[in-house]
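All chains are identified by letter, namely A, B, C, D and E, in their written order; residue positions are counted from 1 within each chain.
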Amino acid sequence: MDLGSVIGLVLILGLLFGAMAMGVGIGAYIDIPSVLIVIGGSIGALLVAFKMEQMKNFVKIFMIAIKPPQENVPELIKKLVEYSTQARRDGILSLEAAANNEENDFLKKGLSMAVDGNEPDTIRELLEIEMEQTSERHKANAAIFDQWAGLAGAMGMIGTLIGLVAMLLNMSDPSAIGPSMAVALLTTMYGAMIGNIFGTPIANILNIRDADENLVKTIILEGIMSIQAGDNPRTLEAKLLSFLPPNERVSQFE
Amino acid sequence: MDLGSVIGLVLILGLLFGAMAMGVGIGAYIDIPSVLIVIGGSIGALLVAFKMEQMKNFVKIFMIAIKPPQENVPELIKKLVEYSTQARRDGILSLEAAANNEENDFLKKGLSMAVDGNEPDTIRELLEIEMEQTSERHKANAAIFDQWAGLAGAMGMIGTLIGLVAMLLNMSDPSAIGPSMAVALLTTMYGAMIGNIFGTPIANILNIRDADENLVKTIILEGIMSIQAGDNPRTLEAKLLSFLPPNERVSQFE
Amino acid sequence: MDLGSVIGLVLILGLLFGAMAMGVGIGAYIDIPSVLIVIGGSIGALLVAFKMEQMKNFVKIFMIAIKPPQENVPELIKKLVEYSTQARRDGILSLEAAANNEENDFLKKGLSMAVDGNEPDTIRELLEIEMEQTSERHKANAAIFDQWAGLAGAMGMIGTLIGLVAMLLNMSDPSAIGPSMAVALLTTMYGAMIGNIFGTPIANILNIRDADENLVKTIILEGIMSIQAGDNPRTLEAKLLSFLPPNERVSQFE
Amino acid sequence: MDLGSVIGLVLILGLLFGAMAMGVGIGAYIDIPSVLIVIGGSIGALLVAFKMEQMKNFVKIFMIAIKPPQENVPELIKKLVEYSTQARRDGILSLEAAANNEENDFLKKGLSMAVDGNEPDTIRELLEIEMEQTSERHKANAAIFDQWAGLAGAMGMIGTLIGLVAMLLNMSDPSAIGPSMAVALLTTMYGAMIGNIFGTPIANILNIRDADENLVKTIILEGIMSIQAGDNPRTLEAKLLSFLPPNERVSQFE
Amino acid sequence: MDLGSVIGLVLILGLLFGAMAMGVGIGAYIDIPSVLIVIGGSIGALLVAFKMEQMKNFVKIFMIAIKPPQENVPELIKKLVEYSTQARRDGILSLEAAANNEENDFLKKGLSMAVDGNEPDTIRELLEIEMEQTSERHKANAAIFDQWAGLAGAMGMIGTLIGLVAMLLNMSDPSAIGPSMAVALLTTMYGAMIGNIFGTPIANILNIRDADENLVKTIILEGIMSIQAGDNPRTLEAKLLSFLPPNERVSQFE
């Protein structure tokens, strides 16, 4: 798991449970029907709002958010520049073995197309369609968590209203008012916790992961087009390094 | 009906009615005048906000949201590639019978235009106008449900204020305060339920259905342009499969 | 007046006044100073937020929202196709009489320019400037009602705060607290009513009317350019009908 | 000062102070520490949010909002058409005196560049940079007032919380609770007043003034390019009049 | 530190602590567990929402917001025009020494590329990639503070709900209700303070700093392209000065 996510989740949950324990004890904050209303209700609303096949990936998407596949971008650039050098020296067909062994699917596809002698425009068009469509699917995944935040908050409010109405109709025993209202507020609290610990932050990191993947794919696309065009590897490296922050730029020609 | 919608709606309504039943009974949460204010009032506001002819489709649009027409995209791509193969082998006129029997209206229209010998630019322009205009109408439909969420919430709040004012003017009998306030809160609860079970989620799924339909039409458009241009069916297939997620891509040439 | 607007407004106002009458009577909900604060205050804020000449059209814009000028689009397309046929048969100058008698100002202007022999680029540029500028003015009009919703809500809240402060400073007579607070809440209720019956819905329908008018003008523009270019009337009709939903498309050639 | 702004401000302030006076008197609504928290605090936050040099123009920008420089657009179009006529008759150099005496800086700059024989592309590029950069600065100015609305509201809420906490810790004297809470609510009231009388409306009118200025500059730019190209003054006038609403279009050729 | 930030922060904090001191004393507003919930909880949520490497720059980004690197734009333009003059007189190679001694990294890179004889398109492409990528990273940094505002507010609300529930379950001692509720409200107050003193304003100024840096880089890019093309220094100066507000434009040719 990603270190930041672990620290973050431990920090929040530790502080919140600590605060609960310091007062009336954690037990007072746990009410199974309230948990069901907020979690079940919001997931029910998500099932209406999204397609079944999108919702099936819910847990998988959550794992991508907190345990992302890593791509070493400086290493990737180094590899692309080496391919460029090799292609200029030995011809583009010499990259066939490299293409077959490549682990990054996007790079593999692009390289194979170049080795197979496809037109540059065809390669670019295919890779761009793939980039855009993948990104659309990622954004739709992030939207699930974004909507979850809103819907969990709303279900929390509905739950509190249900509890408040019940409390208001049963005010004969004044000593029961406090505890009834306490329970009624729990759904609002659960809704806010789900929305602000899982909903909004997960949606945000998913969009960042998508932007990162798009950057990697843009670098690969530029690299492949340049390799096929037979550009100077130094020029290619200078261009690809421009995508990185200055402190991560390492040239293999210096 | 779409399985996800059914499960989602059953889940939410089951949990909420269960929570009501556990406390003071479902009957205490049903107040016909409050229901009328929130549902009638918000639909009244929608009648001001949208055109009569848009509102007439309200129920039909709702049904599309929960019971969508399905298009099998891999099958569609297979068919387009077959048409492409046939057109290269026997000429584009050989697709006339296929065009006449085609069930997808968009594909039928495009194919017929190609068979009739229209210019590629004319075909593309017509199909793009059709795509854009259909999508505009779909977005306007989704907007109805999006606005419904906001307006139902607002009507719920107005209803609660009407009830609160009545309660505040009648505080001589303290035992009536609780029940009066309970009834006043019901409209807010109804507004939140409508907005977050029907309004926002239905608007969201309608926008997803529109994006799906646009993807299908984009694939059809690319296919028709490619068939007319006499492109290699393998190249066409590679391009169209790029629109799909990797695990759904099945080539008929392998 | 537009049927939808009438039904909508009658429905909302009927339900809300009915709810008031059922409880403590409509009279209890009417407080002239509160009405003045919310309506006067929000209109005052609109006078700061918009230009005097925009505000002068306030009532006129409201009437356009609920009683729109209607344009029969299928009829318009039929007319444009007939002009196209006539221009191909008798030359574009034969449309001079039609241009002079045309009631739609936009079509009249475009047709006259074509008859007068202006360059296609000049005609397109002028008509596009006119379309864009008109649409900008319409959007600014809709923005008035959109802002009204927010400002009326805010004035309602300010009024309630003024009333609450007064109530809190006068708590010596407990029996006066309820009625004072009831009056204080009225401004919030008025603000929500204005915002959600007139503000947001009127802004929405105005934007729909603008989109409708833009569609009509786009059809006219495409028609005029096509008439001047001497395109085949059948091709023109096919193109223009693509702007309509499938069930409204009627060809005069079939 | 702009008549609308005067009427608007007088109307709002009159109504609000009237409502205060009718109840417990205006004095009860004035609390200097509360005023300082909301105004001082929100301006402090603006000083963090914007650059010092932007904040220095705060009062100047406010004055532009309520007392705008007026440009008579029909007169401007008339002048541009006259310049066009003169340039065609006597050559573009004959406009040198007109350029020197021109009061509108943007028109003066463009005209001088045309008289000096600069390339059309150079003139267009310079004038467009100037338009865009000026508009960016205007939008940044409007953003100050937009942010003010939000920050004043937030400071009002913080002030109320400070007051509420103080009140809750001092509940031994029940008769002090009402007045303490009244004072606590004042900051929320001030925040809402600043935000909805000055913040949001001023930001809105500043954006309208910017759009107006952009329209004027677009007309000037089109005029200068047309004058330099030696276009027919009638064609130029028809084009420039298209930017105006129909009822303001007056041709000097009819 | 930037003067505006210092004045702003001193002003806000002085006013708020003053208001606290005037009432029940600052001590009553400090509750370490509440501080931990809001600050720790919101930073925990940020660690989930952003990547570890982004969060590591948290303090550094904050310092950039309140103590920005300054670039004197009129001086920069003067320098670019001088380089332009020198390049026309002595050839572009004569700028090699200037390029090596240049302190602005972006100008140094562009100038070196021009001196090294790279193609104009290559230079423009590299510099544009660098501009866009840097700006993307800046916007992601600003987003951290923007999200902080929302998450701190949410943690404040969750903390208040935890405190309210504890209070409602312990209502046997009426004298404890006030103080318990006071403590419960503190987290909401902290959340609002963090969000509106640090979150939103810092995000706003970071976006302004990014826009400023983009403007500087656009000027440098235009300057380098013009120097390489051998344009007239006067034309270059006129163009670059158009980026400035009128009162900052000083020509060295007058």
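Following the convention adopted for this analysis, a residue touches a chain if its C-beta (ideal position, glycine included) is under 8 Å from a C-beta of that chain, and two chains touch if they have at least 3 such contacts.
Worth saying up front: this structure is predicted, and the values here are computed from it rather than measured.
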### Minimum number of chain-to-chain touching steps separating chain A from chain C
2
### Query
To lay chain B over its twin chain E by CA atoms, how big a turn is needed, in degrees to the nearest 5?
145
### Query
Per the centroid of Cα atoms for each chain, what is the distance between chain C and chain E, given in Å?
40
#### Entry: chain B-chain C separation of Cα centroids, rounded to whole Å
25
### Query
What positions in chain C touch 2 or more of the other chains?
none
### Query
With chains as vertices joined when they touch, what's the shape: line, ring, star, complete or other?
ring
### Query
Which chains make up the ring, in order, starting at chain D and heading to chain E first?
D, E, A, B, C
### Query
Any idea which chain D residues touch chain C in the complex?
2-5, 7-12, 15-16, 18-20, 22-24, 28-29, 65-66, 175, 178-179, 181-182, 185-186, 188-189, 192-193, 195-197, 200-202, 204-205, 208, 211, 215, 235, 238-239, 242-246
### Message
So in the complex, the part of chain A that touches chain B is made up of which residues?
### Response
33, 36-37, 40-41, 43-52, 54-55, 105, 118, 122, 125-127, 129-130, 133-134, 136-137, 140, 143, 147, 150-151, 154-155, 157-159, 161-166, 168-171
